[in-house]
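Read from first to last, the chains carry the letters A, B, C and D; within each, the first residue is number 1.
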Amino acid sequence: MAGSGFGNIFRITTWGESHGTGIGVVVDGCPAGLELAPEDIQVYLDRRKPGQSKYTTPRSEEDRVEILSGVFDGKTTGTPISMIVYNKTQRSSDYSQIAEYYRPGHADYTFDEKYGFRDYRGGGRSSGRETIGRVAAGAIACKLLNELGITVEAYAKSIGDVEIDYSVFDIKERDNNPVAMPDKNAAKMAELLLQEKMEEKDSVGGVVECVVKNMKTGVGEPVFDKLDACLGKAIMSIGAVKGFEIGSGFNATRLKGSENNDSFYAKGKEVLKMTNNAGGILGGISDGSDIVLRAAFKPTPSIFKEQETVNKNMENIKVQIKGRHDPIIVPRAVVVVEAMTAVTILDLLLLSMTSTLSGIKKFFK
Amino acid sequence: MAGSGFGNIFRITTWGESHGTGIGVVVDGCPAGLELAPEDIQVYLDRRKPGQSKYTTPRSEEDRVEILSGVFDGKTTGTPISMIVYNKTQRSSDYSQIAEYYRPGHADYTFDEKYGFRDYRGGGRSSGRETIGRVAAGAIACKLLNELGITVEAYAKSIGDVEIDYSVFDIKERDNNPVAMPDKNAAKMAELLLQEKMEEKDSVGGVVECVVKNMKTGVGEPVFDKLDACLGKAIMSIGAVKGFEIGSGFNATRLKGSENNDSFYAKGKEVLKMTNNAGGILGGISDGSDIVLRAAFKPTPSIFKEQETVNKNMENIKVQIKGRHDPIIVPRAVVVVEAMTAVTILDLLLLSMTSTLSGIKKFFK
Amino acid sequence: MAGSGFGNIFRITTWGESHGTGIGVVVDGCPAGLELAPEDIQVYLDRRKPGQSKYTTPRSEEDRVEILSGVFDGKTTGTPISMIVYNKTQRSSDYSQIAEYYRPGHADYTFDEKYGFRDYRGGGRSSGRETIGRVAAGAIACKLLNELGITVEAYAKSIGDVEIDYSVFDIKERDNNPVAMPDKNAAKMAELLLQEKMEEKDSVGGVVECVVKNMKTGVGEPVFDKLDACLGKAIMSIGAVKGFEIGSGFNATRLKGSENNDSFYAKGKEVLKMTNNAGGILGGISDGSDIVLRAAFKPTPSIFKEQETVNKNMENIKVQIKGRHDPIIVPRAVVVVEAMTAVTILDLLLLSMTSTLSGIKKFFK
Amino acid sequence: MAGSGFGNIFRITTWGESHGTGIGVVVDGCPAGLELAPEDIQVYLDRRKPGQSKYTTPRSEEDRVEILSGVFDGKTTGTPISMIVYNKTQRSSDYSQIAEYYRPGHADYTFDEKYGFRDYRGGGRSSGRETIGRVAAGAIACKLLNELGITVEAYAKSIGDVEIDYSVFDIKERDNNPVAMPDKNAAKMAELLLQEKMEEKDSVGGVVECVVKNMKTGVGEPVFDKLDACLGKAIMSIGAVKGFEIGSGFNATRLKGSENNDSFYAKGKEVLKMTNNAGGILGGISDGSDIVLRAAFKPTPSIFKEQETVNKNMENIKVQIKGRHDPIIVPRAVVVVEAMTAVTILDLLLLSMTSTLSGIKKFFK
C-alpha cells in the first residue's frame, strides 16, 4: 500500500533510495503566502548531513536541496512543493557483498519477504537517507509554526547511560558539541563513551527529547487522531526508534495519581498547570503547556564487530559489515524528530480550526 | 476533524459518550464470510466491563452488545457491521458538580478549549467507556486473525513497581486474578499495593504487554505506515497511555549494537532469529517472530484525595472527586490493548496482500 | 475495503440493510455548537420516505430518526453524531424467491461475485433505503451551511422526456406535486407519463438538478479534490445515477469557446460573471456564483414486466418481479442529491479555511 | 488541503506548474516486480505532448520522462516511483500581461480568491501541463493492468457536433488522425470543423469515450467508493471536464426500465448480459462486461477572439489572449482519460482482493 505519505491537510510524500538518483519529498497542502527559500530548508538539512564529526559517517554528501515547484515570487503558492536532494555517492559496487546476506538489525530480510527482492545498495529505501525528505518537509512546517509563535526543538537527552542534567540545560550548547546534547559535561562523557564503543567496533543508542513551546490549546482530534497518538505514529515511523513517550511516560506507571496529576491554577484569565506530567496533552488535546516527547533510538545496527547471520543459500555464516557507519544514530536524528513533530503539530493545528461553529462563522464573516 | 475513525481497509468508527444513549462502533471493510455472533463480541466486552472486582468501579453495567447490520445467515456480508451497547446508568445528576471545575489529569479543560463546551456527564466522550467500541471491533479482528492462525494476547506486565516474573509466566493465570497478571505471586503483591493505594485515596499505574503469535512476514508499509508506527498510534490513542515500546524499547537505548541486534539463523527453509529485541519488526515490516509491544498506563486521574484546581469563575479551589473510580486502569485496559493491536495488525495484513505483482497475478488467476 | 465512509473533516459513515434492524449513519467531525434536534433531521427524511404518493412504494415505514450521541444540551459537542432509523417492515419471507435469481439492473449478481453471497432481503445493502443515512447526515450539513448563509436545493428537472420550463420556475411548487418538479404544468405531464408507464408495468428515469446559492469563493482543492470532482463522486455514488454534469455539462461539448466562456465584470468591489456555464466552478474552485449540477437517474430497475435472466442453477429463466416498487426513482432522490451535495460542499468549505497563511494567522490571533 | 493525491493503495501525488522547473508525480504503492523502463512511460506521454498537429500548441516540449526512484534492476521495488519531466519553455515574460486580468473560463480568478495570489505563468498549476503527472502514473497502471489481461483505451467520440459512426469503428484509426477519432470519415469532418473554428479565432469541445476490456468482476466498494463514483471523481478532476457518464448515462433518463435493464443469460458457467447499458457496473461493482465511460470536455477557454473581463484595478476591459493555444482539448486529453481510468481501476482492483475471508485464506496459505 501507499505508505510513503503522512498527514491530512499538510501532507508529505517522500521518495528515494540511498543510492538512487536522489531523495525527495512533495509537500501538499502548505498554506499559500509563506516566504520560502532553499536556505530555509538547507539549514535543517545541514543538521543531519553526514561528515559533521568523527561520530558520523564520512560519506561525502553536500545534500543541497532544490525546490522544484510550489513557490513563486519567493512565496508558497498553496500548490505542492516538490523538493529534491541528489545523491552524489552512488558507488553500488560497495554493496555487492551485502546483497548476499541479511544484516542483523536491518530490514534486508523483511524487504525480501515483503517485496520479493530489494534494492540492496546502502539499504535502499530503508536507509537513514530516507529521512532527508522528512527533514525538508519539517523545515517548512517549522517555519510555518514559527509564524504563529510556536517553536519545536529537540536534543539528545541520553546516550547510552549518559544523561543530561536539567539544572545546567542550555539549548545553545546543543549545537556546540557533536552529540547534540544541551549540557556540556554530559556531552563530554557521551563522547568518551562513543570513543570506547568505536574501539570495541560496536555502537550505542540513546534518547531524543523534543519540546514544543507556545503551543495553542485545542489541538488534537479524539479519539484516534489524538495529538499524542499522531505524534506517536510520526516518531515511531522514524527508522531505529523503538519507543515513544509523552510527558511522564513510562515513569508514570510507577507514580501515584496524586503525584502524576497536574494541578490547575488560574493566573489572570489563563488556566495553567503547576506541573507538566501530561506533557502538554490531556485527553489527546493540547492544553497550552509545552509538548514534551521522547524517542528511544536503538544502537546503530551496522557494526564492524563480527555477527552471525544467514545468506541467500540458507547457510549460517559469520559476517563483518564493511563500509561507513555512525557508532550512534541520535545526534543526526535530533533534527528528524523535530521535523516529524513539526509536521504532525502543524497538520493537527490546521485541522483544529474547524472545531466550533463560532470559529467557522468568525472566519467566513 | 473526523478523528473517530481508524484503519484503511478494515476501518472502525466509534461513537458515544459515557452517559448518552449508548456506545457503538461501525466496522467497515470486514471481509465477507466470517461466522459472527454476538457472543463472539460479548466475551471480549465482558473482560472490560465494570464491577468485576473490588478494584474496578461498581457501576452496574451489563454491557450487552447488539449487532445491527452486516451479518446475514450467521456470516459477515462484507457490508458495515454496526454494533451498539446501551448505557444503563445515565444519572447525570451525579455530575452537576464536576461541570463547574476542571478535574486534574482529565480532559475537561481541553474539551472546553477545543469545543467551547463539553458533555460533562461522566467524562462524556473522554470516558473510559469509549473503549467499548474499540473492544467490540477488536473482537472481530481477533476472530479473523485466528482464522489465519494468528493470536493476540495482552496482560499486565507491571502494576506500580510490581513486575511479573517471566520464569513463572502462565497466560491462563491472567484470567484467575483481578489484576490480569500472568503470574500468581506478582498478582498477589499487586493486590496488596492496590489496597494500600485505595486506603490512601490514591491510584496507581502500570504496563500492559501484548504479544502477537504466528505472525505473517511482510506486514507493514514503510516509511510512514510501518507496522510499529501504526501500532504506536493505535496504542497511544487509548486514554491514559503515556508511552509505547516495541521489543527492547527504551532499554535498547542503553544496549550496545552487538547486544541489541538479533542474529539470524537458518532452520530448514526458514530464517529465524536467535533473540527478539526487534519485537518482531524490522524496518517497519513484520519478520515472522512474535510481535511484542508495551503500553504505559498512567495512574487513574480520578482520586478521592483532595486536589487543587480551577473552577469556571477562574477561582483557585480545592476539590475531592466523588463517584466511582477504579484505583488502577490496567486490568480492564488489557483487552483494549489487544483490541487495538488486532485491528491494526489485521488492517496492515490485508494491505500487504498487494505488495507484489506475482502475488496479485496468483490471486486473480 | 471500507467504502461506507465519505468526507475528510466532516466525515459520514453509513451502515444498514433494507431488512436488517435499521439504517444509520455516524457523522464525525461536525463542528461543536450547532443547535440540533431530531426534527431538524426528520424534515429531510420525510421527503424521501415511502408512501407519499401513488408513485412511490406503499411500504409502510415511519422512518423516525433517533440521535444516539454527539448532542448535549441541544447542541452538537464536536464528537461523533450517531443516528439510527429502525426498519419496521422486515418480512424477509417476501424475498425467498429473489434469492434464487439475479434481477436485471440490480446488484444481485455483482454482490454475489464480490462477497460470495448476499443479504437478498429487499436488496440488502444495495437497497434505496441505504440513502437514509446520507439524508440524515445531509440534514446536518445543510443546517450548518445555512448558518453561513448557504442554501442547497434540488428538484426534478426532467422525467422521461418531460422537462421543466425555467420561465415558470417556482421552487415552492416542487413540494406541491408528487414528482418534485418546480413547474406545475410539467409536473402534470410527468404524472400522466408515470401513469402510462405503470399501466405498461414499466418504469421511467429522469434528471435531478441541484443549486447551491450564496456560495463562498475559494472552495475546492486542486488537482484531485476539485469541488466538481468531489461533487461528481458524491453524486455518482447514489444508486441508479448514471451521469453527472456541472454547469453547461455535456452541452458544452457542442458550444464554441466564445459561447461557453463566462465573461467577468466588476460591480463595485465584486467580480461577477455575465453567465454561469461554469456552474460556479473554475479550475475546480468555487467562483462565488451558484453551483449548478445535474444527476441522471436511470429508470427503476424493478419492473412488473416479464424479464429474462439467470438463476443459481445457471438456467436461463423468465421472471416477473413481485413486491412494491416505485415507477420512478427521481422524486424521492431529490433530497438525496441535496444531502450529498451539502455534505461535499461543507467538507471542502471547512478544508478551505487553511488555504492561506494570512487566514490562519488571523484565526489564531 | 492536500488535494494533489489520488488513490488508496496505488496512490499518485502530482506536482508542478506550467513554467516552473518541471512537472512530476510520485507513484506510491505500486506492487513490486513489474518490469518498468522510461520508454513504457514515454509512449504515453508522447500521445499528449504538444506540437503533434496543427490543432495543438506548437510549444516546443520534448517532455522526456526520468524515473528517479522505485525501480531497481529494471523492476519496480514496491517503494515510491518518482518521475519528472522538465519544462523546457519557461519564458515567463510572455505572461506579464495575463497577470493583470482574469481570463474568462480559466482559474485565474478562483486561484487568486483561494490563495491570495497565483503563479500566472502559463496558468501555473491549472495549466494542461499538470496532466503530465497523471499520464506518467497512468502508464504504469496500464502496464500493470495489462499483466492481468485488462486493457484501457479511450478515443474521441465527438468533436463539436461531429460524432463517430460505430459501424465503422476502428481503434487503430485513432492514431492515424490528429483528432484521435476511431473513424476516418468523422475525423475528416472534425478537421474541417476545427479549421473553421480556428479561422473564427474560436474553439470547440467534444466527448472522450473510454472502454476497459477483460475486466474482473467484484471491483468497487459500495456505498461511497463504488467503481462508478471513483471513476466519476477521477474524470471530473481533469481540467475542462464538465460532465461524466457510465453506460447509457444521461440517455438512460429517457428510457423505460424494460429498455435500460440488461438481461442476464448463462453461457456455460459464465453469467453474461445481452446488452451493456450498465456500462459494466451494477450497484457500484464491476460485472465483468466492458466498462464504458464518457467525459464531456468544454471548448478550450483560451481563444484569440476578443472577450470581456475585469483587471486587477476592477476595471471592465476587453482582451485578446495572445500566445499558443489549441482550438480543441479533446485529442490530447484522450490519453489523460485513459490514465485516470487506469489508475482508478487498478486501485479498486487491488482493494477488491480483501473482499472475502476465503480469498484471504487462500492467499496466505
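One rule holds in what follows: contacts are C-beta pairs under 8 Å (C-beta built on N, C-alpha and C of every residue); 3 or more make two chains touch, one makes a residue touch a chain.
Nothing here was measured: the structure is a model prediction, and the numbers come from that model.
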*At the interface of subunit A with subunit B, does the proportion of residue numbers present on both copies reach over half, so same, or stay under half, so different?*
same
*Determine, using the mean of C-alpha atoms as each chain's centre, which chain is farthest from subunit D.*
B
_Roughly how far is subunit A from subunit B, centre to centre by C-alpha average, rounded to an integer in Å?_
26
*What whole-number Å value describes the gap between the mean CA coordinates of subunit B and subunit C?*
38
_Multi-chain contact residues (two or more partners), subunit B_ = 1-5, 8-9, 14, 29, 32-33, 78-79, 114-116, 125, 221-222, 351, 354-356, 358
*Which subunit B residues qualify as touching subunit D in the complex?*
8-9, 29, 31-34, 76, 78-79, 144, 147-148, 216, 221-222, 350-351, 353-364
_subunit D residues touching subunit A - in the complex, by the definition given at the top_ = 1-5, 7-11, 13-17, 20-22, 24, 26, 28-29, 32-33, 66, 68-70, 72-73, 75, 77-82, 84, 114-119, 121, 124-125
_Touching residues (chain side subunit A, partner subunit B) in the complex_ = 1-6, 8, 14, 102, 104-107, 109-111, 113-116, 125-126, 130, 158, 160-161, 197, 200, 202-207, 217-226, 228-237, 239, 241-250, 252-266, 269, 271, 274, 277-279, 281-288, 296-303, 305, 307-310, 314-316, 351-352, 354-356, 358
